[in-house]
Amino acid sequence: MEKSKQRAQILIEALPYIQKYDGAVVVVKYGGAAMTDDDLKASVMRDIVLLSQVGMHVVLVHGGGPEISSMLKALGKESVFVDGLRYTDAETVDVVSMVLAGKVNKGLVSLIHKNGGRAVGLSGADGAMLRVKKTDAADLGFVGEIVSVDTAPIRMALGEGFIPIIATVGVDDDGQVYNVNADTAAAEIAAALEADKFMMLTDVRGVLRDRNDEGSLITEIGVTEIPQLAAAGIISGGMIPKIESCVKAIGSGLKEAVIIDGRLEHSILLELFSDMGIGTLIHA
Amino acid sequence: MEKSKQRAQILIEALPYIQKYDGAVVVVKYGGAAMTDDDLKASVMRDIVLLSQVGMHVVLVHGGGPEISSMLKALGKESVFVDGLRYTDAETVDVVSMVLAGKVNKGLVSLIHKNGGRAVGLSGADGAMLRVKKTDAADLGFVGEIVSVDTAPIRMALGEGFIPIIATVGVDDDGQVYNVNADTAAAEIAAALEADKFMMLTDVRGVLRDRNDEGSLITEIGVTEIPQLAAAGIISGGMIPKIESCVKAIGSGLKEAVIIDGRLEHSILLELFSDMGIGTLIHA
Amino acid sequence: MEKSKQRAQILIEALPYIQKYDGAVVVVKYGGAAMTDDDLKASVMRDIVLLSQVGMHVVLVHGGGPEISSMLKALGKESVFVDGLRYTDAETVDVVSMVLAGKVNKGLVSLIHKNGGRAVGLSGADGAMLRVKKTDAADLGFVGEIVSVDTAPIRMALGEGFIPIIATVGVDDDGQVYNVNADTAAAEIAAALEADKFMMLTDVRGVLRDRNDEGSLITEIGVTEIPQLAAAGIISGGMIPKIESCVKAIGSGLKEAVIIDGRLEHSILLELFSDMGIGTLIHA
Amino acid sequence: MEKSKQRAQILIEALPYIQKYDGAVVVVKYGGAAMTDDDLKASVMRDIVLLSQVGMHVVLVHGGGPEISSMLKALGKESVFVDGLRYTDAETVDVVSMVLAGKVNKGLVSLIHKNGGRAVGLSGADGAMLRVKKTDAADLGFVGEIVSVDTAPIRMALGEGFIPIIATVGVDDDGQVYNVNADTAAAEIAAALEADKFMMLTDVRGVLRDRNDEGSLITEIGVTEIPQLAAAGIISGGMIPKIESCVKAIGSGLKEAVIIDGRLEHSILLELFSDMGIGTLIHA
Amino acid sequence: MEKSKQRAQILIEALPYIQKYDGAVVVVKYGGAAMTDDDLKASVMRDIVLLSQVGMHVVLVHGGGPEISSMLKALGKESVFVDGLRYTDAETVDVVSMVLAGKVNKGLVSLIHKNGGRAVGLSGADGAMLRVKKTDAADLGFVGEIVSVDTAPIRMALGEGFIPIIATVGVDDDGQVYNVNADTAAAEIAAALEADKFMMLTDVRGVLRDRNDEGSLITEIGVTEIPQLAAAGIISGGMIPKIESCVKAIGSGLKEAVIIDGRLEHSILLELFSDMGIGTLIHA
Amino acid sequence: MEKSKQRAQILIEALPYIQKYDGAVVVVKYGGAAMTDDDLKASVMRDIVLLSQVGMHVVLVHGGGPEISSMLKALGKESVFVDGLRYTDAETVDVVSMVLAGKVNKGLVSLIHKNGGRAVGLSGADGAMLRVKKTDAADLGFVGEIVSVDTAPIRMALGEGFIPIIATVGVDDDGQVYNVNADTAAAEIAAALEADKFMMLTDVRGVLRDRNDEGSLITEIGVTEIPQLAAAGIISGGMIPKIESCVKAIGSGLKEAVIIDGRLEHSILLELFSDMGIGTLIHA
């Protein structure tokens, strides 16, 4: 009984947060530890089902680098990286599509169902949702840059009450499948949907003023402050492309983006259901 | 942070209960201490807003005996009761309508809005929702028996996302307003809506095997067991008409009814969001 | 048979007027003698049902000063007026809400049903339709100025074929109920609905050039002519706030307003179903 | 002013009749004097517009024998009748279609618009609405018996707020146009629409007990009484096929049929807007 | 089997053309040899049914000069032409309406049904679709100029899956029927519908640079080149008003118009289902 | 030009077949040579796009045995077959899901887009469309029998104009993915959709009376004749489970099934667009 009373009390405390996001479109870029640790994975899926149940339109976007690498390895194929980006030959892009759209994606869909939700898995090829062209920057093989996002399949799924789970591969006009950066794809999808909130699950606390001190988290960054923070080395390494994706999406109509620590259980709920949030918010 | 984590944890525990009632039509008969105590009143309204937010279609039905008596007293009019039922002359029925539909009802509507919900108040006169005829039983003046329930105004409100709050007066074919028993009206409305759940807030723990021992709560009663429990004096006094209302409504299509203790804070949530429930369930 | 022939002839003569207002939103501010005289009241309700039946979307807005005063008196409470406006303490505002939303409103709803129409009664609290703030002008207690009108509940009722009947109380953000001026509220509702026609039932013929000569009715006044008519004392006394309400509503998008004599039987029909109309038309 | 008051009074008297037929599907078989006399014709069209305006779904079905004969005569072609039915060779059926669908029909459509209504003209060929086969009975050339009625084009027009005006020609499966009996066609259309009321405009008062005494009108006939009335010679001559059409339609789902005197101005209104009606009602 | 294989092959070749016009609104002005030759007529109707089946919204607009002349002759009435335009007295306009809306139109509707399609015939009088005023230019009697096009009846038919077939007569505000130029009417209808394609079936190959050489077809003309081509005598005679109709319609929002040779079997398909088209395209 | 004329002629000949299947739900089980030969694969996809374009609701269901075997081989894993069925351990079922849902499925989706169509790829896990339980028959590991088909995701895709392409894996209540027989899955999907036509692409001509004579094709088999044909050895080998799937689906509401030769180019069109069809039709 005491447990039930506490539960009731907490639900009522959560009500204002639930109301705040009623009907909101929330895009979650899912990756990192939250995806490789089975307990965290199950926990994130339950969180997603909860958000969907209490009135949000959640869209889950995922990559799956480690599983791709491990499948390539099983196939006796070496992962080659050029400037931190995977070199993707024809055989590799097949593996990427298989692993992301056929294994990771369907596994997440099944987990949602196991937790009482309803989901459909889609990839950038479905409805030609993610149109890409070959990356100009470097010769990375079948690595694509997003040219346009057609949100029709996503809106269709949301409209029927399904949680859309999206594997980030793209297609060009000839139907050739490409590998695309999952952070970028997620941000572009969020922008195309004019999402109310875009959350990027990472393996860090957020942007830290002092990288050795988790207590030095910067809770909010305006887009204009970013060059300065980059110059000061506060935004550096793997954080740079993540933040660039957010900035670009904000430029295309996204309201705000937040980088949160996927290593924490219920990180998504902690971000949405508290006044402070737990990560670093990027805003216009 | 710890508080937030606990909140997240509890929300996730509540998820299966929320899912269980997703899209369910839940009719609440509101009255007793939960209506006279201001803190309990505010708490019930928040609970209702929460249920509506997480996907239930909640309909609140209320009477308001104490407020009627107090208004009659202020007007220098004595409340006359015949066999426990209020004798209702023309002047009294005006007061009943005024107090229920004009004061109690609008007060509840405002409380819902104050808590971030959206409500419209209706009475049995609106859309001639509660059609009544003069009670045959005894001469009680303008006391009506329900002849039919037109759920159109209720469904209209639910369809637009409003919580319908219903004051239990009825009208006859000439538009004359009548006083009706709120428990009966609520049960009939629940039956007409083919509600998934009907909850009656009372000032007792439920049906007790031993009325002096709150621990002797009977958690579940089949309709066929009732005569025997009545004969044994276990169902007695004011509980008799309440249970008769439930039985009649179950006969007209209601799935189940539950009598809960409105004196407990969050009694509605405790009933819905636990495996056991907290009251006495009446089922077919 | 002759009677039937005449009826047929008259119906055909009425056709062009019916066609003129097909689908029109017509807001009627109901008050004065048309509301206190039982025969006139029944007659107005039949007129409203007719208009609704032949294709108009009628919205009835009412106050109820005399009934409020009489209830206050019955409660042994004196009505206090400051500059012609009722001083409204906490107890009084409760009485206002009760009488308007619980008695007058439900009585009108029932009369509509008795005449074969379908109505739902709403107050400014329902759906927080009339948002108000405390009047700045003078200390009148819980007397509110309208801040915004949310027409959602009205449109919902019209959309389902109900005649919305609106009691003019307002609510602030905390859910506190306020007394509001019924003329102003009706005009603001008409403006918010972008009504095609706004009719104000009064106890005078309209604006008279010579107040002692009913034949001196001014049939049409442009908004720009009003200051001059006021300066000349032709618009004076109780007519001033009524006309100010109309002017304000025309400024917010209302097409036209007309002040008609509610003491005449079928005044609404006389205004709509003749070339000349019977009152004073205010236009931009 | 007196005129306006009388108009208002009469409109209110008409209200119960208008309410009675609110939303009703009313099929009118139009013909006889009401169609050949220009004043009557204009009057019927105004009546139809009125009915449509006050909430009925009116469907007008017409033939046009006299105009066909006159066109045939102008073309130097003799009208040949076999047992009172027009012998219809290929050339004649062309004329029938032309006159009915091209002249009479479009003339009626234009009259409706002139009176402020909205109409579309259709023939039995449109949407293959009236499927026929060659009459077996006698060799009458292209005279068809109705095999089925497809109400889709009629419902489409009603759904868009148009009054459907239907010229009674039929088509067989090869697209060949046929002449069909207009009374029969109208009755079959009424049955297929499950019309609430079917009115047949004729040039007699109705069924008279004594054919020389218009005062001997039989106001109501049950289907089972008809053989007896026919045996007694009370139903005779041209009335026989009209009544047979009604009986057949009642057998196929029509609620009731009434034979009225189209020579009377406003006969349709007189029938609908009085307690007695003016013609002979045939019911199941 | 070989036949089937060839059919499959051809269907696949046609696919890109079908896709190109998927969902397109295509207005066909039907006339000339394609209308007088029975085999060509049947062929055009089949083509129309095919286009409708594979996803286009086809609207067929027709005149019927030769049939009108022949009916007038049968009625012993001489056709009088003023500057190539038919002088239309009251009797003539009746014949025009009869022949177009009652004979030609219904014949085409029946042919569509015979070929498995679904059509409804409409005239400019239906829904007062083609509003006209008396032509100012010359005294031609009841010859009208189009003032406005109300596409509601056309869109209603398309929306229900019917092919609308439109007889080009117009009506003025008094419901008087007028003769209108079918080319102009078709072009105005195409413009009002914002059609994707407007095809005018004629009895010539198109605009020829050398009128004696069918090989000198001009396949494409920009609106600005027309004055020059007219000055050079390349656009001359009956082609002038046709092209003027197209130019006017392009000025009112039509995308493009093409003049094709209705004497060729399947001319409509040849135009739509080949890269080159077969006629002269007029574009902005 | 001659080519265009022939194309027009052929299209018109195809019209009756197109009309016959207008709006029909057509399920295609895709497999065999039509899937392994790149030219045939491209051809089938074009055929599917054509059918979709001309008005059918096509659903493509596929397996992908050879690609699974080849991936297992690349991973150094032996394919084990028990009684002709693949033994599926945990690792194998992952490969099955990856190859079917991630590679084959997305490749087909892309081919549809390349040919101007619109498709979304789904698997039995999406929306938990194919609910399965572990096969009882033999211990085959994660091989599932279909318990129920939820057509919601398929209807959603059809409703938005997408061609659904379905990879045949199933899920149990715990979200575990299972390998399922593609023929059976396709037949069950067809039955659940109450498809008008179910076509199974195979690598044989159909059911042959004499397996060495392709001319001995049996064009039609009633369900009741099957035991006899099986007893006679005419239905034998791999044909047995295929026909059993069809029979079971017919028992669950499918109208008819046809086994066709996927080795023929345009086999689907040949079946649908000829009177005879090309395969063996199984009917009730």
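Before moving on, here are some points about what is shown:
First chain written, first letter: the chains are A, B, C, D, E and F, and each begins at residue 1.
Please note the rule applied: a contact is a pair of C-beta atoms (placed from the backbone, for glycine too) under 8 Å apart; a residue touches a chain by one contact, two chains touch by 3 or more.
Nothing here was measured: the structure is a model prediction, and the numbers come from that model.
Number of steps on the shortest path from subunit A to subunit C, with steps defined by chain touch: 2. Relative to subunit C, the chain whose mean Cα position lies farthest away is F. Where subunit C touches subunit D, over half of the residue numbers in use are shared by the two copies, so each contributes mostly the same positions.
A rotation of 120° superposes the C-alpha trace of subunit C on that of subunit E, rounded to the nearest 5.
Inter-chain spacing, taken between the CA centroids of subunit B and subunit E, is 68 Å. Per-chain CA centroids place subunit D at a distance of 35 Å from subunit E.
Contact with two or more other chains is made by no residue of subunit C. Taken together, the touching pairs link the chains into one ring where each has two partners.
Here the chains link up into one ring; start at subunit D, go to subunit E, and the full order comes out as D, E, F, A, B, C. Interface of subunit B with subunit A (complex): residues 1, 4-16, 18-19, 22, 43, 46-47, 49-50, 53-55, 115-116, 265-266, 269-270, 273-274, 278.
Considering their complex, residues 71, 74-75, 94, 97-103, 105-107, 109-111, 113-114, 118-123, 125-128, 152-153, 156-157, 160, 162, 167, 169, 171, 173-177 of subunit C touch subunit B.
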